[in-house]
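Just so it is clear, A, B, C and D label the chains in written order, and each chain counts residues from 1 on its own.
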Amino acid sequence: MKNRKGLSKVLFFLLLVGLLLTPCGTAFSQPPYKIGYTNCHSGWLGFMGSAWRDGFLLGVEEINAAGGINGHKLNVVLYDDESDVAKGVLAFKKLIDTDKVLMITGQNQSGVAIACAPIAEQSKVPYLGIGASRWIVAKPGKWQLPADPTEVFDYVAKFRVDAQTHVEAMYAFAKKRLGVKKFAWVNSSTAFGMNCKEIMQATYKLAGLELSAMEEYGTNDSDMTSQLTRIKAKDFDAIIIYSSDPAGALVYKQAREMGITKPIIADAPMVATPILKTLGQYLEGLYVCVHAPDVPDLNLLPKNVQPMVPVINKVRKGVMEKYNHRADWINAYGYDGARMVADALRRAAPDPTKLEEARAKIRQALMSTKGFVGAYAMGDVTATHELRVPVVMIRLGKGQKFELAE
Amino acid sequence: MSMYDQLLQFLIAGISIGSIYAVMGLGFMIVYSVTRVMNFAQGEFAMLGGMLSTVFYAKGLPLSFSILCAVLITTAFGMFLHRAVIYPIRTAPVFTLVLVTFGASIAIRGISLIIWGTDFRILPPFSKLGAIHLAQAVINIQALWVIGTTLLMAIVLFLFFEYTVPGKAFRASSINALGASLMGIKTERMGSIAFGLAAGLGALAGAVVTPMMTTSSEIGLGLAIKGFIAAIIGGLNRIEGIIVGGLTLGILEAFGAGLIHSGFKDVIPLLIFLVVLNFRRGGLLGDAEAGKI
Amino acid sequence: MSRIADSKESPIDVTPILEVKDFHKAFGGLIAINRLSFKVNRGDILAIIGPNGAGKTTLFNMINRFQPASGGEILFEGQSIKELSPARVAALGIARTFQILQLFSNMSVVENVMVGRHLRSKGGMLATGLRLPFTRREERNVFDAAMSKLTMMDLKEEAFSSPLSLPYGRQKTLEMARALATEPKLLLLDEPAGGLSTLEIEQLAQLIKGIRDGGITILLVEHRMELVMGIADRVIVLNYGSKIGEGTPAEIQSNEEVISAYLGEEF
Amino acid sequence: MENINRPRYASLALFVIIVIVIPIVIKSPYLITIGIFIGLYALISLGLSLLMGYAGQVSMGQSAFYGIGAYVSAILTMKCGVNPWLAMILAALFSTLMAGLLGMVVLRLEGHLLAVATLALCIVFYTIFAQWKSMTGGVDGMPGIPKLSIGGLTLTRDFHYYYLIWAFVTVILVFSFNVVDSRVGRALRSIHHFLGGSEMAAKSLGISPMKYKIQVFMLSAAYASFAGSLYVHWLSLVTPSSFGFLTSIYPLIIVTLGGQGSLWGAIIGAAVFFIVAEGFRALVPILKPGTSGEYEILAWGLMIILVMQFLPRGLVSIPDILKEKKTKG
């Protein structure tokens, strides 16, 4: 792995000797904790998967550097599902049956995650879902909002990238700060985008807003002018773009090129490092509903999320050192993934040789996570096995400077 | 914004995206006419063109020079691809060859992912002035660049085929490989030239659209499919046919997305073509021969 | 020639099996068949001769409906087949061979003939897929029938080899066997003697006579005179798609126009 | 005649034994799952093999019928509470019907036009699955599709479905062999213009090429539909992402990999396809730790190229090649 390069020659030599002498091959007193990680590092959502992986591996590294968990090294088995259901399911089963991991995390593509959640449940392997659609925690056929605590999988937990929270934050911001009455909506035709669309349709009236146009686009579309033209023809005060992929940034770019001057609000993926690196210069003036780690001046963060600041600083430092770029919320997210896992393992203190029992213990610990403080999420795992993620509204200023918009 | 302006806007969108499909289609045609292979790696050429340009540009080379390098490298690569992968099994069943090109496409994507990862990249617009306004409709200058480049390529190709010696030799070997070889034309070299030419065109197109639409390791296959459709619709044997094929595809997509539903963007043109193909077996402009493998 | 005399005595025989009325075919400006009319009598061997490009093969393609006629009418046993599909025409009892051999190289000799039994056997995709008892019986019958045809053409030994392994002459015979396997009433032979040696032509003549005596009417297109003059009851001479002569071989050989237009070259 | 078929029965017996033994030898649900995917794609590829290898027709749209099978099964069992087995049959009938109607349109085309027309089917149906939210559940698809049950036993475990799917494969393989050996099979080969058939001759013998092209197209649709139904009942989930463009390309790769014009080729091809793909997944991290996807993709692409270069007639041609080598050396 990348960090090997970082090790000094001496350490490396010792490690080699260790490898030769001991079968287990680490400096750790205890047998390692083997955990599975699968995600899409290629395919249309690849950029997110890789960013998540970077954060996740950073976290794992720090944990191991600090002597692991109660003397157990954290070993990660890592696969790419290439955003393909069949490949995802196979990878998931391989982790459970062949690699015999204690728990699994990853997968931000809904299609894949939805297919894997029941497998985790059936084979009693704790699964910490990320990204994806919220539905993965809920038992098949029991999908409605709010998820019913009695109808969620026992073994599946998830970070709550809660579209509802985001949408509501956007509404509030649009109304109060921008004085918006009528808004136009654009979303990507992915499970993620479609879910958000449903939530939007269900909630905008309550927020006292009017919907004047509703458009969508495919993830590999590169020309949005048709959709934007339709919007332009309508009467609206602001556009809300809801997308998890770069195409969303293209919508904004092309909207401005088409001379749409009204305020435009988008969701956190637009400030993902790869998007900013490429399209940042075109995103000036975009309002984004982001997560704590994306706020440049952490002192401006609301009181309730202040505890996260030190962790966020740690991620920023780590990512800058390891990958030398600005840490975005996805890195932080992955980093939290590692820390959630570690936290659960620490409290469960399972014996990796007794697989069944260990998995059950970890599940218990994971679901009863309390007062978790991460760089991305914080709080308790709820009755619906979800962990809340706070959001903040920012505005992209000149030179990709972020300004707190609230 | 009036209905008329909307339609105008859809038309502009359709033409600019359609001209990319057209170039892809031309790539398919050139390779097919000599090697009788449908080269699904065509889209990867566009990907390479875009990615390489961004790489060189990031290295600090001037934009035009970066694109030139990208095009040249991709051209060379296209020739290599033919020599190393296609030519050795030219006698194999057509479908085997087509699948080999699929393999090549996958491999190239893999290489690109290894070198450049999943990030997508962009180039600055070629000219500073932002956009032209036609009534309410807006034309992105870069779109004009794209359309212009496509037309230029088409014209150059046409002149090449009609008036240059290699071009004529090229045509000869596309009409009748055996006859051409009797005339002392090396069909092998012709094949390489075809691949090189197709790769170069693809790369240039890939580079020109990047400022508008960004590029990434993943864009290849999608473009290839559109180009394939454009080529078939255009009839696989006439430059103007392919151009019309590509533009039609793009325009129908834009209008489909604009007038019906953006979710059905990909479907509407195909449904129309399914109907058209039943009346014009040779595609929109081609003759029936094009239909035969 | 004697057969015409016979047919005069038995009136049933004179109703023609095939009647072509005012047939017309033009490719763009070029006229391939020009207002052609003729009758084929039951049990006859009718030969159509003419120089290359006289439109002989075109005529065949129009009779079994590979090409549509630009004009005119065609009756098989009194019924119009002008609008039917080639498959239907075959089903009615018209079989043919091809000037350029059209054997199935992806099948063995016997299988080629078995394909010829297609019309004479039953069993759709479902029935054959489920291997219903009757389909197995059918398969057996088809095989036997094919083998007997091969025996008749003495191709039995090569039954399981590839058709391409046969010498050219035998391949032609195989195609004939395949056509006969459909049990046609009318057999169209497109230049059966083409590329054959004089000896082979002798055998071919006997074979064709044999087929005719088996009760199958034969219409053949040919320009090898030694065959035509040997076996034909009547001969029609085409030139540039128009009929320039019709009659017994003897009459044709003495027909001035024909000789000038064509036979001159041959003799 | 029979003596032509005998070796076929021997190989069939061997095949059945192998299929039965595998799960007894290897217990890992993961490997069984690979077996399941091989089986599903073998089903689709058998149909495509008949279509390509025997009738000489290309189809880039088999995913459409795979999807139809999957969604009709899902919708009938979830929304109408139809018995899964009945639903499976209805699904097969429906996609056969669709294939018949669509076939009348697309099969009039040839070569590349046919390819693009069938590709269109793939894209059109994908869009229907993804967009018709009220019926198909949109991009989220429909979860919680009931498991199949035989008699009292509900099939929940992977190896249940392994055996079920491979039972289907066996039956369909035998069915296909019967078709190929029959007058229908000969009729198909007679119209296969790439592999030495002649439509002209076929017509002159009373065979209607169109009729048989459509029939095989329908048959291949039925095969794919069964695969789809089995897939959703096993995964108890259906999402459109399972029926995209690649799902249409995989069977093409499989058939060509295995060898056109050989039904065994379809099965061998499917097996090799998935075993190699998963092999790379296991191998790559060992060779180059910390990496994922991209190296698999590269290796995968190179493998297709190499196999096609050295075995253009597919894997089934290996014995012949060895024979040739023997006769030479």
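Everything below uses one rule, namely that contacts are C-beta pairs under 8 Å (C-beta built on N, C-alpha and C of every residue); 3 or more make two chains touch, one makes a residue touch a chain.
Predicted model, so just to flag it, every value in this text is computed and none were measured.
Touching chain C and chain D at once is no chain at all.
Comparing each chain's Cα centroid with the centroid of every protein Cα atom identifies chain D as the most central. As a whole-number value, the distance joining the C-alpha centres of chain A and chain B reads 36 Å.
Separation between the centroids of chain B and chain D, computed from CA atoms only, is 31 Å. For this pair, chain A with chain C, the centres built from the Cα atoms lie 76 Å apart. The residues of chain C never reach two or more other chains; the list is empty. Multi-chain contact residues of chain B (touching two or more other chains): 113, 117, 263, 266.
Within chain D, residues 130-131, 293-294, 296-297 each touch two or more of the remaining chains.
A list of each chain pair in contact follows: A-B, A-D, B-D, C-D.
Interface of chain A with chain B (complex): residues 41-44, 46-47, 49-50, 189, 215-218, 220-223, 225-227, 229-230, 232-233, 246, 250, 254, 257-259, 274, 277-279.
Residue ranges of chain A in contact with chain D, taken from their complex: 1-2, 40-42, 46, 53, 57, 77-80, 82-87, 89-91, 93-94, 96-98, 110-111, 114-115, 118, 123, 133, 135, 139-141, 143, 189-191, 194-195.
For chain B in complex with chain D, the touching residues are 38, 85, 88-89, 91-97, 99-100, 102-111, 113-114, 117, 221, 225, 228-229, 232-233, 236, 261, 263-264, 266-267, 270-271, 273-274, 277-278, 281, 283, 290-293.
By the touch criterion given at the top, residues 64, 66, 85-87, 90-91, 95-96, 98, 102-107, 111, 114-119, 121, 123-125, 128-131, 135, 138-140, 142-143, 178-179, 181-182 of chain C touch chain D in their complex. Across the complex, chain C is touched by residues 1, 175-176, 178-179, 181-187, 189-190, 192, 195-198, 200-208, 215-216, 219 of chain D.
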